[in-house]
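Okay, so subunit A shows up in both of these, paired with subunit B first and subunit C after.
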Partner chain A sequence: MAFTPAKETYSGKVYSVAIGTGEGTGTVGGENVLPFHSFEGAAPNRPVIAFEIQDVPPADWPESVKKPFEAVSDDPVKWARFCQDELKAKAIALRLVGTHPDRENRSAEDAAKTVKDVLAAVNVPLIILGSNHAEKDAPVLVAASEAAKDKNCVIGKAQEANYKTIAAAAMANNHKIIAMSELDINLSKQLNILITQMGFEKERLITDPMCSALGYGLEYTYSVMERIRLAALTQNDATMQPPMLGDIGMYVWKVKETQAPEADLPHWGSLEERGIAWEAVTATALLVAGAELLIMRHPKAVEEVQKTIEELI
Partner chain B sequence: MALTGVEIFKLLPKTNCKKCGHPTCLAFAMKLAQRQATLDSCPDVSEEAKKVLGEASAPPVRPMTFGAGDKAVKMGEETVLFRHDKKFVNPCAFAVEIKDTLSEADIAAIAEEVVKSEIDRVGQKLRIDAIALTNASGDAGKLEAAAKTVAAKAAGVPVIINTQNTQAAEAAVKVFSDKRPLIYGATAANFEAMANIAKANKAILGVGASGLDELSTLTDKIKGLGVEDMVIDSGARKAKEIIENNTLIRRAAIKKNFKPLGFPIINFIQREDSLHEALLGVIAITKYASIVVLSSIEKWKNLALFTLRQNIYTDPQVPMQVEQKVYPIGEPKPESPLFITTNFSLTYFIVSGEIENSKVASRLAVMDCEGLSVLTAWAAGKFTASKIAQFITESGVEKDIATKELIIPGYVAILSGSIEDKLPGWKITVGPREANAIPAFLRSRG
Partner chain C sequence: MLIIGEKLSIIAKRVREAMMKKDKGPIQEIATRQWKEGSGVIDANIGPAEDGGEDLMQWMVTTIQEVVPLPVCLDTTNASAIEAGLKVHNNQWGRPLINSTSNDPERFPILELGAKYKAYVIGLTVGKGGLPADAGERAAIAADIMARAMEYGVPLEDLYLDPLVLQIATSQDHALKVIEAVKMFQEMNDPPMKTVVGLSNISNGCPKHVRPILNKYYFLMLMNAGLTSAIADAHEMAEAMSEKKLLDDVLAGKTIDNPAKMTEITKTLDVIMGKTLYAHSYLEM
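Right, the complex of A and B next:
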């Protein structure tokens, strides 16, 4: 029996969002099909993976992901250069975790200086993240936005509690922002609407529907992303059309599977490979669900996901 | 396309004789359309109607059982393209490839590894489900000998006999008679002979082609030879082709009820680089494979793939719940802290994970709130002072702890006074709102 493929045409399209400046500029999104469905439409840009670095040494990262950065992680500038020059990073995500009141409690001025130093050292696009403390992130990200003026960075994360301050600063300094809500398509839509109502262009947004690690709620993130992407493409819902972020590393490298030694759990196998697989599997699943921008930690996991992306396009 | 109730009704005898157990033919037709009844309940239906309805009412992806006994794997029966619409039904099976060119000892070793692969994760038993025995030697005798080793060392594990050589297939399939093996399989060159072998030995027939057009033609011809249970391979090996072909197959089956592709999919994803193979596994698991053939089964890889399969195949309508009880985290002593939260599995995982990260041994009392998160459960009146007090009292945790102190989630700080009233002698401490503040909270307690 002859087979006629049931191809879909989609009415909507994901915004194409450029990040960074000059030679290092990258673009995410832009497709008018479901992830890796290039057989029925156009997907002009590959997903981008950003290496995560921090403003303070990664004391809380498990050993196997700390090790590859051992020689550089005492200094964000060295760390950023290492990612760009040695690991060929397409983007870097600087997490200002040291500003968290329960951590080093670094000031907004300190954070701004780190941002300036890192920007001076690399030319790939920079994602600048707060410590996920809604209150403290507001002043920190305002200072960071100013320090990075006109560098077309991605600032995050704007949440319901602090989006006004962060979006205003990003707007004034020509940046993109990440809008994060917690695992709910309606909350995500609502936040995008609130931010655009301030006059922030929807073409400058990146949606973070909140990540979860393999085995720890991954299916929720997976389905929320899939639903957002379907709404964007099949219903042409403009509020759901920004590219999506998967903030992988932070969620993966705190679960038991990336930390428990083989000696304690022999049936779980090698810790080193298990941790890398945990990050790479989580990342690949979210790419299939619709993420266009990933933040990851382990160089080997990034390399393998990159290899898979090449095979997917 | 599936038929509507009215379309089905037109084909029924319209006598309203009630022998089917429904008051009218129309009522029965409605049940048929919703797949809540089967046609054999009506004794008077015509042959013509049977043929039309049988075709139309069969599930879009043919159900079948691979293997026999406890370790048999159910496949097919899928009804949707996206897991948020409805639960994906039958989790895909993982098979490891064993080549018949290996020594007997090596074959036995892999077979034993399969038998020992079972692990328990959140109450489910997960394992490598099957063995794909490949006739790499091209020799029928070697395949048969390898089949005997597998049958002895991995008794009961469903087997894929991977050869296009009909003589080899026939020799090996006899080793698994009554075990419902899968012969992979039939191609344009050998399908008549393979169909006969599958039929004679009650085996499932794997059908391989290059491309969906050739595949559809082939399954149609094989069906004409009387083989109903097939598993299909479009020839996709690269990630891009796997997504494309698997998606087009599932769409054709579900949206068009296109029978020639209404079969479970088998994907061969063997790679040198085991981690890369795992990532191809992600694509096969998320995108509709029913059988995934791997080249190796390291424990770390199994754990990651088992977990992903479990995540993808959970029911999206029913929030995952964990059992109500007091969970030890680390090795709690009498003076260790006691937390309480709800039994929404995500809440449980995140809270227990953060307590674990803090490296402070604790107890976590998980209360049955029908799988709702803390705030939702509180708003729905399921996480209230009196219910918490009752749960804590009945749990008997009191006898294991030195100080009667209970740490409640920051979001329900408002409940602390009334819990204290209902739990005389207890001190209620308000913990952080978000789980990620737990390590700092525990550190600050010294």
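Right, the complex of A and C next:
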């Protein structure tokens, strides 16, 4: 007798969220099955990986991930073009880390100018991130939203402390937003509810349950993502149906395993390979947990994850 | 259903201040109100009470029993404070209750006190190594506590098993596991074991207006599962009882007359039973 695989049917579906404009438009989500379970239903869109770039040179990145960008990372425009043209990025995530009060403390106006310049240089979808300083992010992301008006960007991250300002600006300028809560599924749902209660459509949200790197709490992120996806698909919970983001790079490239030199820890093997593997493994785990949008740094790690996606899809 | 009035807890600011100043007024007022509202026992929660716990517990027991003809539930981790309270407890109003023993060796001496003073004892089904994962683990711990109670001379009829209610806002899956545990506990002896819960912990951390709603319907669900007693707000539980028929109708799939109430009950049941993910605004969705 022929083997018939058991199939689950799901009552819910992840929203299909289009980002960017024109030829470069991308879409995330849209599936009505668990990750890579396309044999059970429809998964029309592959996960999208965005390359991370910054408004200021990446002084705090470890050498091995700084190196691939050393010719371009002094200028966000060159950096963005490099990612699009050379690395064939499907999306770019511009982190305005230089606006952080403890960093260069760049102004909202400066940030807005960077956004404009980058948008003028590339046509792939742009994710615009603050410096994760809830207070400063509010004016920075408002200015960034205005500067990117009608470009259908993804603005983030809206958190409990600042979501009202950011969501209002994103709504007025036709963007999507990332809603981030701190590794708590119930608070993640609550934030999505609060944002939609402002009149922001839930189909324009992306959920960030907060990332963590392999060895540094990845299992928590994994578990929250998995439960969010199950609530979306099996309980048809509309508040949990936005696509999910894994903001991988910034967590991976600050852990010991991606920084400790071979001279100190020869048994850990090549530092460069180790870092790439760390980022690729973290990213792959979160894809399996349900993330549809990833932000990553190292080109080789992205390449590995792309390969994995092609194999699994 | 035995309600153990929960309001006299050191966590409440007004009660704590009265305890510190040995001001009988607020304590007696609250105790009297809980009694009038239907409590059968008054809980006296004095916290860990490391310094002067003996005096404080004696003062609480006598202050409560001066005005209320009910037994007191002696609620502290300090065993010598419990013994001090037991010595002055007026058993004319009923036998005292001790809250609590558990599977932690540090709490075993509580059982000696239970046997010595013929008090009822609450057995919290937790061990030293963290929270129980499910109903089965709670039952396994309950079995250990029951065996130990017999060994110490506390009759099983005097033991109340407490499955440990957790916060729905952070441990939603445990809401149903606790209901299941209450059912399992009863089957562990003939006559069935008595059960008790610290009810309001279910809504700890939830918005103020949501708390009584969760407390009430969770209480009724536990009651349907055979719960014997609850440490709870007697006023809230009286309200719950008045809505029991509505809840049972909703559970039976009937439509009730009051659409707003119907929605409130349905959404709350869905959250308790894990059919929808809890969020602070679940009633608004």
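Please note the rule applied: the second predicted complex is superposed on the first by the 309 of 313 C-alpha atoms of A that agree within 3 Å, B and C clash if a C-alpha of one lies under 4 Å from a C-alpha of the other, contacts with A are read in each partner's own complex, and residues count from 1 in each chain.
The rule is simple: a contact is a pair of C-beta atoms (placed from the backbone, for glycine too) under 8 Å apart; a residue touches a chain by one contact, two chains touch by 3 or more.
Everything numeric in this text was worked out from a predicted model, so none of it was measured.
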Sticking to the clash and touch definitions up top, decide whether subunit B and subunit C on subunit A clash or fit.
-> fit
Determine, under the contact definition given at the top, whether A:I313 touches first (subunit B), second (subunit C), both, or neither.
-> first
Would you check which partner chain A:Q197 touches, where first means subunit B only, second means subunit C only, and both and neither mean what they say?
-> second
First (subunit B), second (subunit C), both or neither touched by A:A2 = first
Under the superposition described above, what is the C-alpha centre angle at subunit A formed with subunit B and subunit C, rounded in steps of 10 degrees?
-> 60
Check whether A:D237 is in contact with subunit B, with subunit C, with both or with neither, and answer first, second, both or neither.
-> second
More subunit A residues touched by subunit B or by subunit C?
-> B
So, A:K189: does it touch subunit B (first), subunit C (second), both, or neither?
-> second
Shortest CA-CA distance in Å separating subunit B from subunit C in the superposed model = 6
Taking the two structures together, which residues of subunit A meet both subunit B and subunit C?
-> 227
In the complex, subunit A residues that touch subunit B | 1-3, 5-6, 36-39, 60, 102, 132, 212, 214-220, 222-223, 226-227, 230, 254-257, 267-270, 273-274, 276-278, 280-281, 284-285, 288-289, 300, 304-305, 307-308, 311-313
Please give the residue numbers of subunit A that touch subunit C in the complex, ascending.
-> 184-187, 189-190, 193-194, 197, 227, 231, 235, 237, 239-240
Quick one: which bits of subunit B touch subunit A in the complex? Just the residue numbers, please.
-> 82-84, 119, 121, 212-213, 215-217, 220, 238-240, 243-244, 247-248, 251-252, 255-256, 258, 260-261, 273, 275-276, 278-280, 282-283, 286-287, 298-305, 307-308, 310-312, 314, 316, 345-346, 349-350, 353-354, 356-357, 436-437, 440
Listed in rising order, the residues of subunit C that touch subunit A in the complex are 169-170, 172, 275-281, 284-285
